[in-house]
Amino acid sequence: MNAGAALALYVMGAVTVLVLVLAVTPLGARGRRVPEVLALLGLAATVAIAVAQWGERQTAFSGELRVDRFGLLLAILIVIAAGATILLSWGEPAAAGRRPEFTGLVLAAATGMMLTVMSGDLVTLFIGIELLSVSLYVLCAIEVARGQSLESGLKYLITGAIGTALLIYGFALLYGVTGTTSLEGISARLGAVGSPAPEPLFIAAIVLVVVALGFKASTVPFHMWTPDVYQGAPTPVTTFMATGTKTAVMGAFLLVFTGATHQASGDWRVVIGAVAAITMVVGNIGALLQDNIKRMLGWSSIAQAGYLLIGVAVGTLAGTESVIYYLFAYVAMTLAAFAIVILREREVENGDHVEALAGYGRARPWAGVVMTLAMLCLAGFPPLAGFVGKFLLFGSAVDADMTWLAIVGAVASVVSVVYYLRVVIVMWAPPPGGRHEVRRLGVPRAVAGVAIAAGVAVIALAIWAQPVLDVCADAARALMIP
Amino acid sequence: MATTLSWMVLVLPLVSGLVLTGWPSEPPRAITRVLGIGSILVAFALSVWVFADLLGSPPEERSLTSRAFEWIAIGDVTVDLSILVDPLSVMMMLVITGVGFLIHLYSAEYMGGDRDYRRFFAGMNLFVFSMLLLVMAGNFLFLIVGWAFVGLASYLLIGFWYERPTAVAAAKKAFIVNVIGDVGLVLGAVLILRETGTLDYAGAFAGAGSIGADSGTLLAICLLLFMGAAAKSAQVPLHTWLPDAMEGPTPVSALIHAATMVTAGVYLVVRCHVFFDLSWLAGDIVAVVGAITLLMAATVALQQVDIKRVLAWSTISQVGYMIMAVGLGAYASGMFMLMAHAFFKAALFLAAGIVIHALHGEQNLDRMAGLRKHLRVAYFGMGAGCLAIAGVPGFAGFFAKDDVLASALAGGNVGVACWVIGVIGAFLTALYMFRLLFRAFFGPEPGGGYRPVPHPSRWWMSVPVVILGVLSIVGGLVQVPFGWAGITDWLQPVTGNAPSVLAPTHTTEVVTVITSSVVALAGIALAWWLFGADPARRLRLAGVARSTREVMRGGWRFDEVCDDVIVEPGRTVADVMWAEVEPKGPQGIITGTTALLRGGARLVGASQSGLVRAYAFWMVLGIVAVGIVLAIVVTGAV
Amino acid sequence: MPWVSILILVPLAAAVVVALMRDRRIARVVALAGSTLALAVSVVVVASFDRGVAVMQQVDHLDWIPSAGVSWDVGVDGISIWLVLLTTAIFTLGTVAACQRLPEQRGSVFLGLILLAEAGLLGLFTAGDLILFYVCWEFMLIPFALLIWNWGEGGQKTAGLVFVVYTMAGSLLMLVAIISTGIIAMDHTGGLSFLIRDLQGVAFGEATSTILLAGFLIAFAIKIPLWPLHGWLPRAYSQAPLVVTILLAAVMSKAGVYGLLRIGLPVFPEGVGNVVIPIAILALTGIVYGSLLAWRATTMRLLVGYSSMAHLGFIVLGIIVLDRMAAQGAVLQMVNHGLVAAAAFVIVLILGRGAGTEDMDRLSGLAKGAPRMAVAFLIVTMAALALPGSNAFVGEFFILGGVFNQYAWMAVIATLGIIYAAVYMLRMYQSTMNGPVHGVRDDGRAVEMTARDAIVLIPLILMMMWIAVWPGSLVGATRASTDMALAPAQLADGRPVEQIGILPARAALPATDHPEQP
Amino acid sequence: MGEAVTFAVAAVGALGFGIGVVFFRDAFRAAVSLIGTLVSVALLFIALLAPFAAAVQVIVYAGAIVVMFLFVIAYLGDRGDIGTPDRLDRWQVIGWMGLMGLGAFGAIVVQTSTAGPVQAAPASTDVGSPASIGDAFLTGHLLAFEVTSLVLLVAAVGAVILARGAVQGEGGR
Amino acid sequence: MSVPIGAYLMLSLALLILGLIGVMRRRNPLMLLLSVELMLNAGNVALIGFSRLWDDPSGQVFALVVMVVAAAEVVIGLGLVVAIFRSRTNLDVDEMSSMRG
C-alpha cells in the first residue's frame, strides 16, 4: 500500500482541485494568468516525479495502480498534450469568460487519462475513462454561446453514454468469467486455465470491450461521432481530444488486450486487425473530400487510430513498442497541425475552412513550414517521425506474419497522401486576393511556441529515433512481463 | 609507313570539315575553297603514295592493320579503333579521293551563287571522311559507324536546300532507308559477334569456317549484311530513295549517288567475300537481286524526262551489274566495273551539271536540244560518258562490262541467266544513254534558240569534266581481255583463290566481246533512229504502249506499294495507340482510381448524416459485425 | 574522409540555406556554389574510385536505428559511380539554367527545392541500406512535386499530385516488401539488417524470392516507367516547368532501372528467373509503344518524353536478359540517355523561349536564322536516334548484342524501336528547323543559341562526344560490379558458367545452398 | 425457494417497466416507469444478497437521478417532444434485425457458458452487507473511491458552467 | 443460490436490448438518456449477479461506482439539454445535424 508510488497522481489531483476552486475565488479574474501558470507548474511537477520514479516497478493502492515504465511513459505523453492544450488555449475566445474552469477541466481530463494508462484494475480503468469522458463532454460544450459547440457536446455525451454502458457490460462479463477485477488477476486466471476452449462468455466480453474502447478511440464502425464533435468543439479541446484521448485509449487497449488477455490473443488478434484495416481505409477515404480542416483532421485521426491499432492487433512486444513510438510521433504531428489551424482561426473569420489556409505559407513562411512538416509527417513521408513510426508498425505486423495488415496500411497511406498534400498545395499556392491580407495581428506567442516545438519534435523524433525506441522498448517490456 | 599515311588520309577531311563547321561566321570564299578542296587533294596525293608503297611491297605483305587505342572492352569482347589498309581499301581510297577531288573542284564554281557556301563544303568533306572511314575500318563496328556517317552526310547534302519541302522529304526518306539498312548491318554484326566472338575482320573471317558452310546462320549473316548493302547501293526493294535524292545539288549527286556512296554495298560484299564464298545460296540471291535491279532500272531510265533522274536510274542499273558480279563471285570484275563506273558516271553528272548551270536550273529534256554548239565541254563529257557506259569497244565501260559478263557466263546456269539479262541490260543502257545524248545535244534548238545564249562555264567546271571524260576513255585499259588483268592481280591478296572465285575463261571472253559490241552498236543505232535522225518521230510514236510506259516512268509503282504496305499501317497503328489505347490503358488507371476514390469519399460522407440516432444505429450494427467476425474466428480457429 | 556522405550533405545544406534566403541574387550565387561544390566532391569520389574492385567502396556506415537494423550506409560501386557524376553534372547545369530564367514568384525556394531533389537522388544512388534507399526514393518526390505544383505550366495542378500518388502507391508496396525481406532474412542470418550486402547472401527460396521481387518490381516499373504504368509521364513532363523536366527526364528516370540492378537482381536471384520473360515483354512493348506515341506526339516535350520511355525500355531489356555484355551496355546507356534527354529538353527550352510555342506544327525553317542552334540540335537529334557513332549507339549496340545472345527474337523486335526513333526524331528536327521560315519573327534569330544557352548545352554535347569517342573509359569502371550484380541471378537461372563474370565467392550459391554458407 | 419468487417478480417488474420507459410517448410516464424498473432491479439486488447496493440503488438512482429527470421534464413541458416522423424508417428493419441477432448471440452465449467457481458459494455469506462493501471500498478499491469524488466535482462545475451560460444568454448576471 | 446465474444474465441482456431499442427509437435527448440509464442498470445487474456467483465484493463496488458515474453523466446531460433548449426552441435530435458530410 506504499502511497508514495502514486505521488504523481496525487499532484495532478491536487492541482486539478486547486484550479477548479480558483473558479469561484477572485484570483480567477481575467487579466492575470494564474490558473494557467498554476496548471503548467503542476504538470511540470508531475513530469518530474514521473521521471524520478522511472526506474522501479511497483503497484500502489493494492494493485489498483501500476506505477511502471509503461504507465509513466504514457502519462508523460498525456501531460505534454495537456500542457500544450493549455498553451494553445492561452488567448482562446471560447474560454474567455471561464479560463479557470477550462484549465481545471483540462487538468481533470488529463488526470483521468493518467489514471487510465496507469490502471491495474478494471474499476480504476473504468473510472479513469469516465473522468476523462465527463470532463471532455463539458469542455466540448464550454462555448455555450455557440450552437455547434453545444451540439457537439450533446452528441459526444449521448454516443459516449452508450459507449460507457457497453464498456460496463463488457467489463462485467470479463469479471464474470475470471472472478476478479484486477488485470494481473485476470491474466493469471486465464493463464492458469491454460488455453481454455474459448469460454463463450469471454468471447462476448472481448466483443463488447473491443466495441467500447473502439468507440472511445473512434475506430470505424464506431467513428461516426468524431468528425462532428471535432468540428463543433473549440479547437484546443479538439486538439486535446485528438492527442490525449487517443493516447489514453490506446493505453487502455494495450493494458486490456496485450497486457491482460495475451494468452487468448489468438482470438482477438484477427478482430482487432480487421477493425484496424477497416478504420485505416474508411478513415482515409472519408477525409478525401473534406473542405473543413478540423473535420478533415478528425477523419485523419480516425485513420491514424487504424495505424495504431495495427500494433495492438499484433499483440507482440515489437507491436507495443511501435504503438508507443507512433503515439509520440502522432501527438507531435497533430499538435503542430492544430496549432497552425488555431493560429489561422484567430486571424480570420471561419478560419477552419481549408481555403482559409490559402497562401498562408507565403504570408507566414514559418507557419507554412510547420504545417508542411506536419502534413508530410502525417502522410508518412520519410525521413520524418511519421515514416519511422509506420515503418515500425508495418514491421511488427510482418513480424507476426499479419503481412496483409501491413499491405492494407500501405494502400491506405497512399490514399492519405492525396488529402494531406492538398493542404500543402493550398498552403503554398499564391493567395486568392493577390497580396495576402494577413491582418498584422500579433501572433499569440504561446500558440507559435507550441507549433514550432511540435515541428522540431517531428524531426527530432526521427533523427534520435533509437534512444526514443529504447525507452519505448522498456515500457513495452514493463507491460508484457508482469 | 603506309598506315600512318592512311591515318592522315582519314583525318584530313575530318579536320577540314570540322574547321569549316566551327568557323564563327561565314568564312571568305577563298578559305573555304583552300580548306575544302585542298584537303581532298592532299588526301588523294597521300592515297597515291600509299598505293605506290603497297605496290612496292610483295603481295602477301599488303594487308596492314593499325590500332589507335582500345575503344571499348565490354562483356568478353574488346573493340579497338583500328584501320585496315589492303589493296581493296586502297583502291577505294583512290577512287573516293580522286573523283572526290575533281567534284570538289567542280562544285567550287557550281555552288558559287549559294549563300551557304561554307556549309556545302563542310558537308562534302564530312562525306569524304565518312566514306574513307567506311572503307578503311578495321572491324565491323567502325564499318557500321562509317556507314551511318555516310547516311548522315547524304541526308545533309540531299537536304542542302532545306527551304524546299521536296528536298527535306527526300532527305528524310534517304535517311530512314539508310537506317533500315543500318539495322540489318547491326543485326548481322551482332550475329557475327555471337558466332565468332569478335568484331574484327581478321578474327571474324578466321572464325567463319567454324560456323559451318552453307549453314542457316551463315546464310542469315550474308543476307543481313546484304540488306545493309542493298539499302546503301539502292538495290531493288530499297532503291526508291535514290531518284528522289536528285533534289540535292548536282555535285552531290555526282559524288554521292554516282561515284562513291552507292558502291559501298559492293565494297561490303567484296570485303566479306569469305562469308559469301562459304554460302553459295547467299551469293546467288545477291546476284539475282542485282540482275532484277539492273533490268528494272534500265527500263525505267528509258522513260525519264528529267536529265538527272535518267542518270540516277542508270546508276541503279549499273550498280545492279556490280552487285550481280560480286554475287556470282567475280569480285575483281565487280570492282573494275565500280572504278570505271565512277569515272564515266561522274563525267555524265558533271556534264549534266554544266547544262543545268548554263540553262539556269532547267533539268527537263523536253526543253533542251541542240546544245552541242553552245556547250562544247559538256558535249565532250557527255559523249565520252555515253560511249563508255554503252560499252562501245575501246572505252572503259566496254572492258569493265565485258569482264563482268564474261565472268558471269563462266558461273554455272545462274551465271548464264545473269549473262543474258546483262546483255539485254547493255542494249537498253546504250538505248537510253544515247536517247539522252541525242535529245539534249542534237536537233534544232527549242523555240528557235535560247533567249539568254547558254554561255560555257569557267575552267573550274570544265577541267574536271574533261579529265573524267579522258579517264572514261582511257580507264578501261587497266584490265584488257586476253591482255593483262591489272585489277585482278591487284586484288588477288584480298579475294584470295577460293574455288567459288570466278574468272572469265578464254571462250567466254570471246563470246562476250562479240555479243556486247554488237548489242551496244545496235542500241546506239536504234537511239539514232528514234531520237537523232528525226526529232518529230518521237512525238509520233508517243502513243505506243502508253500505259506500260507510264508505269515504267513511275518506277514500277515501288513507292506507292511501299507506302501502302509499310508506312500507312504503321501510321494507323500509331493513331490507334494515341487515340484509343493511351487514354483507356495507362491514363485509364489514373482516371479510374480517382473516380473510385471520389465515389468512396462521397459514400462515406453521405453516411455522416449528422443524426445522432443514426450513429447509435451504426454502433449496434458494428457490435453485431464484430461479434460475427469473432464468432467465425473462434469457431474457425477452434 | 567520408566523401560520399559529404556529397549528399552539401546539396542538402545548400538547399536549406538557399530556400530561406529573401534576396534572389544571393540565393542564385549560393545555389550555384552549392551545386558546383557537389560536382567537385563527386569528381573527387570518382577520382578515388578503384576500378578493379566489384564490391561497394568508400563506404560510410552510421547506425540510425540499430534495433530495427536501419543504418545510414552509403558507398559507391561500378554501377552507381557514373550515375553520381551524371547527377551532379546535370543538376549543376540545371541550376545554371534555372538561375538564368528564375521565376519571379519565390525564386529562392525554387532553387532550394532543386538542390533538395539533388540530395535525394544522390542519396538514392549511393544508398547501401534498403531503408535509406526507400527514404531517399520518397524524399526526392517532395521537391519535384512542389516544383510541379507551384511553378507548373499549362493546365491544372493535378500533374504533381498524380505524379506523387502514383509513385507513392508503388513505393509503399516496396516498403512492405523491404520489411518482409529484412524479417525473412533475419531467420537466416540471425540479426535484423537491411544492408544490401548482407541480404545478398540469403537464400530465400524460389517462391518467397519471386513474391518479394514482385513487390519491388511494381515500384520500379512505375518509376522507370514500364509500359502499362506510365500514365503519369505525359502529365508530369508537359505540366512541369521545363528546367524541372530536364532533371526529371535525365536523372530521376534512372532511379527505377538502378533499383532493378542494385536490389532486384542481386538480392532475389531465384525470383529473377521467372520474371525475365514478363519484364522483357513489357520492355519491348514499351519500346514500340513509346516510339509510336512519340511519332504521334503533338508537342516537343511529349515527343521527347515518350522517346525516353522507349530508350528506358531498351535499358531494362539489357538488364533483364541477364547477359554480361547487355548489362554493361545498359549501365553505360543509363548515362547516355541522361545526357541525351537533358540536351533534348534544353533545346526544347531554348526553342520554346525563342519561338513562344512548343507546338512543332506551328514552327518551321528556324535553321535559317539560327545556324548554331541547327548544328547543336542536329547533334542531339542524331544522338537521340542512336546514330552509329553517337554515344547512345555504343550502349544500344552492345545491349542488342547481349539480348541477341540470349533471346534473338527480342533483339529483332527491339530494332523496330531504332527505326521509329529515326522517324520521330527527324520529324521533330525537320518540322522545326527545315522548310520555309514560319511562326517566328525575324527569321528565327530569336531562337539562336546565345552564350547563356551555350553554357548549359555545350558541356552536355561535349560529354556526349567524349563517350562516343572513347566509351571504354566509362565502361571499364562498371564491368566488375555489373558482373557481380548479375552473377547470382545468372547462376539461379541456370545460364552456362562461361557466361558468368565473377563467381560470387562470398555470396552463397543459391542453387546448391550447400551447408558451409558463410 | 424465496429467492426464485423474488426473482420472478423482479424480472417481470423490470421488463414491464422497461418496455414502458422505451415505448411511452409521454415523457412523464416514461420517467415514472423508469422508477419502477429501478425498484424492481433493487429487488433483484436483494435476491442476490446485496442489500447495500439495493439501498443505494433506490436512494441514489431512483431518488436523485430520476427526480432530476422529472424536474427537467416538468421545466421543459411538452415543448421538448415533437411528433414529426423520424427519418430513419427505411433503416428501421435492418436495425431490428441487428438487435434480434444480438439477442440470439447473447442467448447462445449465456446458455453455453460454464463460468463461475468450481463449487457454488454458500447461500448465507454476508458479502453484500454494508460492512464488507465498506471494507472492500477502503482496501481493494480506495483509488476508485477517491476518483469518484473528482468525477462528481467535474460534473458539478460542468452543470454550473452550462447553467450560468444559459442564464447569461438571457441577460441574467 | 437457487436461481442459476444464467437467468440473471438473460434478464440483464433483455434490459440491455430494451435500452438499445430505446436509444434508436427516441428523438428527444431526455428520453435517450433514460434509455441509457436502462442499459447501465443492465450492466449493474450482471455485475452484482457475478459478484454473488463468485462471492466477491468488488462486483458490487464496481456497481456503486457505475451509479456515481451515471449520476455525473445525467447531471451534465440535463445541463446540456437545458442550455440547448434555451438557445433553440425544439429539441429534435434529428434537427441537430448542422454538421454533416
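A, B, C, D and E are the chain letters, set down in written order, and residue numbers restart from 1 in every chain.
Assume a contact is a pair of C-beta atoms (placed from the backbone, for glycine too) under 8 Å apart; a residue touches a chain by one contact, two chains touch by 3 or more.
No experiment lies behind these values; they were computed from the predicted model shown.
*Asks:* So which chains count as neighbours of both chain C and chain D?
*Replies:* Output, common partners of chain C and chain D: A, B.
*Asks:* Along the graph of touching chains, what's the shortest path length in steps from chain A to chain D?
*Replies:* Between chain A and chain D, the shortest chain-hopping route counts 1.
*Asks:* May I ask which two chains are joined by the most contacting C-beta pairs?
*Replies:* By number of C-beta pairs in contact, the leading chain pair is D-E.
*Asks:* Select the chain whose centre, defined as the mean of its C-alpha atoms, is least distant from the mean of all protein C-alpha atoms.
*Replies:* C
*Asks:* Could you pull out the chain whose C-alpha mean position is farthest off from that of chain B?
*Replies:* D
*Asks:* Distance from the CA centroid of chain A to that of chain C, rounded to the nearest Å?
*Replies:* 43
*Asks:* Please compute the C-alpha centroid of chain C, do the same for chain E, then give the distance between them in whole Å.
*Replies:* So the centre of chain C lies 64 Å away from the centre of chain E.
*Asks:* Measure off the straight-line distance from the CA centroid of chain D to the CA centroid of chain E, and report it in whole Å.
*Replies:* 6
*Asks:* On a C-alpha centroid basis, what's the spacing between chain B and chain C, in Å?
*Replies:* Using C-alpha averages as centres, the distance is 37 Å.
*Asks:* Among the residues of chain E, which ones contact at least 2 other chains?
*Replies:* Correct list: 5, 9, 16, 19-20, 23-24, 26-27, 29, 32-33, 44, 49-50, 53-54, 56, 58, 61, 65, 69, 72-73, 76, 80-81, 83, 87, 93-94, 96, 98-101.
*Asks:* For chain B, jot down the residues that touch at least 2 other chains.
*Replies:* 605, 608, 610-614, 616-617, 620-621, 623, 627, 631
*Asks:* Which residues of chain A are in contact with two or more other chains?
*Replies:* 123, 127, 130, 134, 137-138, 141, 144, 154-155, 158, 162, 166, 176, 179, 203-204, 227-228, 290, 418 - these are the residues of chain A that touch more than one other chain.
*Asks:* Please give all chain pairs that are in touch with each other.
*Replies:* Final set of chain pairs in contact is A-B, A-C, A-D, A-E, B-C, B-D, B-E, D-E.
*Asks:* Within the complex, which stretch of chain D touches chain E?
*Replies:* Per the stated touch rule, the residues are 1, 3-4, 7, 11, 14-15, 18-19, 21-23, 27, 30-31, 34, 37-38, 41, 44-45, 47-50, 52-53, 56-57, 60-61, 64-65, 68-69, 72-73, 75-76, 79-82, 84, 86-88, 95, 99, 102-103, 106-107, 110-111, 113, 115-117, 120-121, 123, 125, 127-128, 132-133, 135-137, 140-141, 144, 148, 151-152, 154-156, 158-159, 161-163, 165-166, 169-170.
*Asks:* Given the complex with chain D, which residues does chain E contribute to the contact?
*Replies:* Counting only chain E, the residues touching chain D are 1-3, 5-11, 13-22, 24-28, 30-31, 33-35, 37-38, 41, 44-45, 48-58, 60-61, 63-65, 67-76, 78-83, 85-87, 89-92, 94.
*Asks:* Considering only the defined contacts, which chain C positions touch chain A in the complex?
*Replies:* Per the stated touch rule, the residues are 63-68, 70, 105-106, 131, 134-135, 138-139, 141-142, 145-146, 149-150, 157, 160-161, 164-165, 168-169, 172-173, 175-176, 179-180, 182-183.
*Asks:* Provide the residue numbers of chain B that touch chain A in the complex, in ascending order.
*Replies:* My answer: residues 597-598, 600-602, 604-605, 607-608, 610, 612, 614-616, 618-619, 621-623, 625-627, 629-631, 633-634, 637-638.
*Asks:* Show which residues of chain A lie in contact with chain E when the two form their complex.
*Replies:* For this pair, the touching residues of chain A are 122-123, 126-127, 130, 134, 137-138, 141, 144, 147-148, 150-155, 157-158, 160-162, 164-166, 168-169, 171-173, 175-176, 179-181, 227-228, 231-232, 290, 295.
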